[in-house]
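Presented below is the structure to which this report refers.
Labels run A, B, C, D, E and F following the written order; every chain starts at residue 1.
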Amino acid sequence: MPTIHVQLFAGRTLDQKRALARALTDATVATLGGKPDSIDVVFTDVEKHDWATGGELWSDKAAPPVAT
Amino acid sequence: MPTIHVQLFAGRTLDQKRALARALTDATVATLGGKPDSIDVVFTDVEKHDWATGGELWSDKAAPPVAT
Amino acid sequence: MPTIHVQLFAGRTLDQKRALARALTDATVATLGGKPDSIDVVFTDVEKHDWATGGELWSDKAAPPVAT
Amino acid sequence: MPTIHVQLFAGRTLDQKRALARALTDATVATLGGKPDSIDVVFTDVEKHDWATGGELWSDKAAPPVAT
Amino acid sequence: MPTIHVQLFAGRTLDQKRALARALTDATVATLGGKPDSIDVVFTDVEKHDWATGGELWSDKAAPPVAT
Amino acid sequence: MPTIHVQLFAGRTLDQKRALARALTDATVATLGGKPDSIDVVFTDVEKHDWATGGELWSDKAAPPVAT
């Protein structure tokens, strides 16, 4: 306690999750006090075809134009 | 905001999710006002062996009898 | 099933929730088929001091300037 | 209603989930009353590289030493 | 781990929650093994005006007729 | 995106939540890159009588003995 649930787009590497779990835990201890062992972080990968903003799936959003 | 989390049985097509994301967003704007871009929809697929009602997994529930 | 969890800012009226529950259910049936009774909608009110975007609580965000 | 969401490490067998869904449902009926059909249980598998305690992913935690 | 989230209608007594937390924990240990201390149970009260089934809020559902 | 849901015991001050939202957002940007505005943090207060570990509500756990 606290428990931190993170929903993020699929595709993050193990190293990124490892670093993020550490960083979120450290940030929480620094802010609230308490012991790191009381903090859980749980990641949930979300595919781009499972997340919509403004009614449009992220897998459907046009790629940003590339400068030429 | 708002954020709409939808748990649904796995197996829906991309077209169904695309249409559902649009329909839920439109329904929310029509009811609450606000702008579509403030609305997120997140889908979570649930396998039938991961959902139970009445203590029985949906993967175990007998298929309904077929009329003959 | 499906189950639709809606996180929204506190302060919506009962009439708005009643209408939204109906609209989300109808939109789901129209899109996925199935029967309305299989659909659950659960609302969670979130206070503006419990939601941050860009690291800033919504209760701290400056009110938009008023035209004079 | 109630709805019981269970997050557990991936790797449980179907038989374990079947038994757990039954046991949680029975425990709820015995405690709160009501009918089993009003109770939903939903399982979410979590990989060990998606859960951290104390800032360390469970996939990184050292295996306990084996007695010799 | 596992973590068990229970959404239930508001109005349960502390004694009911105490008993349910114990019963769910015992049922999980009996089924999956492991130690009780690794199991968390979190309750979320849901008001009847925040839960809809079939598009109708539970606070609006007609009380069952009373036999006379 | 990502969305960070934080369940924490009730009683934190507004200043603590403000600081935690900022710290979690900064930690995420530092680790994953991206822009702060794409990150949402949502807090859920949990009362001690709504959280159990080892089958015992936190409101029931004995206060640690005080050294004399």
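Operating definition for what follows: a contact is a pair of C-beta atoms (placed from the backbone, for glycine too) under 8 Å apart; a residue touches a chain by one contact, two chains touch by 3 or more.
Quick caveat, the model's predicted, so the values are computed rather than measured.
K.L.:
Suppose you hop from chain D to any chain it touches, then on again the same way; how many hops at least until you reach chain F?
P.N.:
2
K.L.:
Considering A-B alongside B-C, which chain pair is linked by more C-beta pairs in contact?
P.N.:
B-C
K.L.:
Work out the mean Cα position per chain and let me know which chain is farthest from chain C.
P.N.:
The chain lying farthest from chain C is D.
K.L.:
Looking at C-alpha means, what's the farthest chain from chain E?
P.N.:
A
K.L.:
Report the inter-chain centroid distance for chain E and chain F in whole angstrom, where each centroid is the mean of the CA atoms.
P.N.:
Centres of chain E and chain F (C-alpha means) sit 22 Å apart.
K.L.:
Centroid of chain A to centroid of chain F, CA atoms only: how many Å?
P.N.:
Those two chain centres are 16 Å apart.
K.L.:
On a C-alpha centroid basis, what's the spacing between chain A and chain E, in Å?
P.N.:
One centre to the other, that is 29 Å.
K.L.:
Where does chain A touch two or more other chains at once, residue-wise?
P.N.:
Each of 3, 7, 24, 26, 40, 46, 51 in chain A touches at least two other chains.
K.L.:
Going by the contact rule set out above, which residues of chain E touch chain D in the complex?
P.N.:
1-9, 12, 16, 19-20, 23-24, 26-28, 30-32, 46, 51
K.L.:
Show me the residue ranges of chain C that touch chain E in the complex, using the header's touch definition.
P.N.:
Within the complex, chain C touches chain E at residues 14, 17-18, 21-22, 24-26, 35-37, 39-45.
K.L.:
Of all residues in chain D, which touch chain A in the complex?
P.N.:
7, 46, 49-57, 59-60
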